[in-house]
């Protein structure tokens, strides 16, 4: 017989009690946990240690605000048409956090976690890195987490994130592996390939035990915060209509010139 | 001549520098600010004091996880059809954070802030409260922030939030006003009207100086975190297909019975 | 006792039968109804007459493609980040069809339908129009459906739509009323106020008996079609990245100049 | 030098003219083209012949309404929370039209079109079909377009769609190939594998020359129409709150039982 049982353990309440992830919300979480700790709880099902909290918060903070991104433009365009529904503007901005921009974080966490899972208890970091690079090159695929158009030879965010990780005892095997991947990839390609922020975060999320399948969620939650900031700026010093008109003008110019 | 200048101060970078809201991201934010502080920075343009941070974090943490809400169901349904795009599932969930559920927070912040703005330097809390209640009753409108189907006579979250606010010196005039509104509303209606969590958060956001126009954003950012948690649970112990089939069965039963 | 019965009559199927809105889909709809007729069926619960079909199709066709709109830019930005989820790009574009652009159609249908509902069987078009204009002016509100930045003194789409309506016997009282509203509004304001396409469609939707509450849906369904066209063009001759880079450059220029 | 030229040919207007896809909208499209024809124009850049119109409309009409789907539930849940933004409810519903439900149409069109592209001018339908089935089986992948939980041994929609295609001269090589794929797949698996509606539409979209990369768009545009119908029904006979409460009750029951 088909199992129709529905199970969800995230939160529930009755007249006297409000429970979130097994904690009494008013007495055990409010005043005791910050937003980053709450996000960690949602992902891991338990509260972070202070060390975990430091590393996790640094990762998420890195992802909040990247200035005028495609995602921010989409959110602002949506707000221009539907200012009464700012939640839909944030939603529109999130819809674009797919394989091209945020997916690289997922990609890095995936090959790091899968390499160790496959290798089992004994492994050689250098061999694993060589295998990852060879696999990508044989498929003609870019290696997630490497390369940056502007920040060369090193992405200052990655360096700082790994410094914070080291301070708190989280500069472990996943960090070692992605750094080895970088060395092998630079050697094989002859190019400078900075370890970018999404690569660093993919490695640190793996150190924290976050499954690669949900790492994109770090970017989604962080960027939701950032997009609220963009909507607020759009309320005060709007640019959406200007972007629209500049785009229309550019398209019109091309049409007339042809 | 039309002003086509586009201004955005949220974030920018060049080869050497990554700046977010005027701070050097790697050296001044990473390792120094947690996720809640970063969210505060996005909303207020400056970092919070420790007291502000405590109050702000408590508000946002309250909003992260409410269990099986319509928003969580929408996100899970979307994930069922498009598991490759979990960002779109979170986006679908956020789209419903409108006037019915999260808007009450905005509504409370609005009447609180507008009452004080109109009153100027001298005001009588009790008179302001009476006017708010009278205005709502004359329009037949519900008063945002009051009433709860389950948590009666008091919402334990509101009590705890005001306790935290008091500890940090933020139990100010907006809190006083919404409590007075409650008293007047209960007297006028003859009903028990708990001050619910969105009412409490609307008051505390006002204490923190967050403009009412963006208070819905607190719910949007918090719930984005919660929805990532729901997607993760859906990956592990899926219920979306069961909800779908149960709904189809219920609708079919009605059709056949008629 | 609380009614938990769930009723939906839109569509159902079993092993032998697939029914949509009371019709057998394979034998009664496929090959017999076009896309416009199907949309009419979804809105009205019955198939259109040929005259209704002509008017309805003309309205919807008008709304499909408006070139480089904010909505199209949002969709293209989303596609840039998540090309694997084009449905999310269309969704992002739809999110902005709110009160500013498409809502005017809803607004026009609303005051037209409410005026007649309030007036009952006997009414004077001219008096109703005067009342609508007076009401808007007293609130300082713009009158939905009037005014256009480019198409003056007449919007060629509105003229053509009313011509098609006249050919098919649908140039009725709602059209007469919105034309009278225009006359009164121009007299009162001293401005040229073209009856724009959303005003004309608001009037014709009312002629067809479509409730004003769902008229925004005409724009949503039509624009979904148009946005698919934009995604296809974006696949072939992409402009999203160019819009992004041009916007970033403009914002950077402002920052450096200040 | 980097090309910053932005090109878009979908639509433009100036004071006198409104052009969509090269046609004057008021005089050449309104009254001459129906919604299906307009959708075809968006996808193909030209108006359909009557035969193309018949086949295209039948495909799209098939996709409009599938009753209580996950997508419809997501839209209704969103409308429950944000009734002021029905466009966001439709958007939420569209977000789930990904690889699981609508993607099968894309998948079928992809293998059909790629098989012929690879084969060139001379091909043997039976060999191509055998190769498609062998390739899927070697990867352990399901064959898009085959199989249905309810409609066995044949999906009545597919049969009717191919009948319509035959009447209009569009039962061509792509139809032949997917039918051969079915035969080979049934033989190899020993199972009854109906050619489902998305398979049939994938084949007919290929007959019409629609690139497989955009075939998902047929489902997106059709379902946008259907979701507007669901929102209208939800306005009149709401079920979203009932679905929510039934789900909460089921989850609570499981929690208490454990």
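Read from first to last, the chains carry the letters A, B, C and D; within each, the first residue is number 1.
Quick note on the criterion: contacts are C-beta pairs under 8 Å (C-beta built on N, C-alpha and C of every residue); 3 or more make two chains touch, one makes a residue touch a chain.
Because the structure is a prediction, the values reported are computed rather than measured.
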item: Taking each chain's C-alpha mean as its centre, the one farthest from subunit B; value: D
item: Equivalent interface positions on subunit A and subunit B, same or different at half; value: same
item: Comparison of C-D and B-C (more C-beta pairs in contact); value: C-D
item: Subunit B and subunit C: spacing of chain centres that average the CA atoms, whole Å; value: 31
item: Between subunit C and subunit D, centroid-to-centroid distance (C-alpha), Å; value: 23
item: Two or more partner chains touched - positions in subunit A; value: 4-9, 12, 67-68, 82, 84-85, 87-88, 91-92, 95-98, 102, 239, 242-243, 246-247, 250-251
item: Graph class of chain-chain contacts, one of line, ring, star, complete, other; value: complete
item: Residues on subunit C engaged by subunit B in the complex (per definition of touch); value: 5-9, 12, 82, 84-85, 87-88, 91-92, 95, 247, 250-252, 254-255, 258
item: Interface residues, subunit A side, partner subunit C - complex; value: 67-71, 73-75, 77-85, 88-89, 91-93, 95-102, 239-244, 246-248, 250-251
item: Contact set on subunit C toward subunit D in their complex; value: 4-16, 18, 20-21, 25-27, 29-31, 33-36, 38-39, 42-43, 53-54, 57-58, 60-62, 64-68, 72, 85-88, 90-92, 94-98, 102, 150-152, 156-157, 159-161, 163-164, 167, 211, 213-214, 216-217, 219-222, 224-226, 228-233, 235, 237, 239, 242-243, 245-246
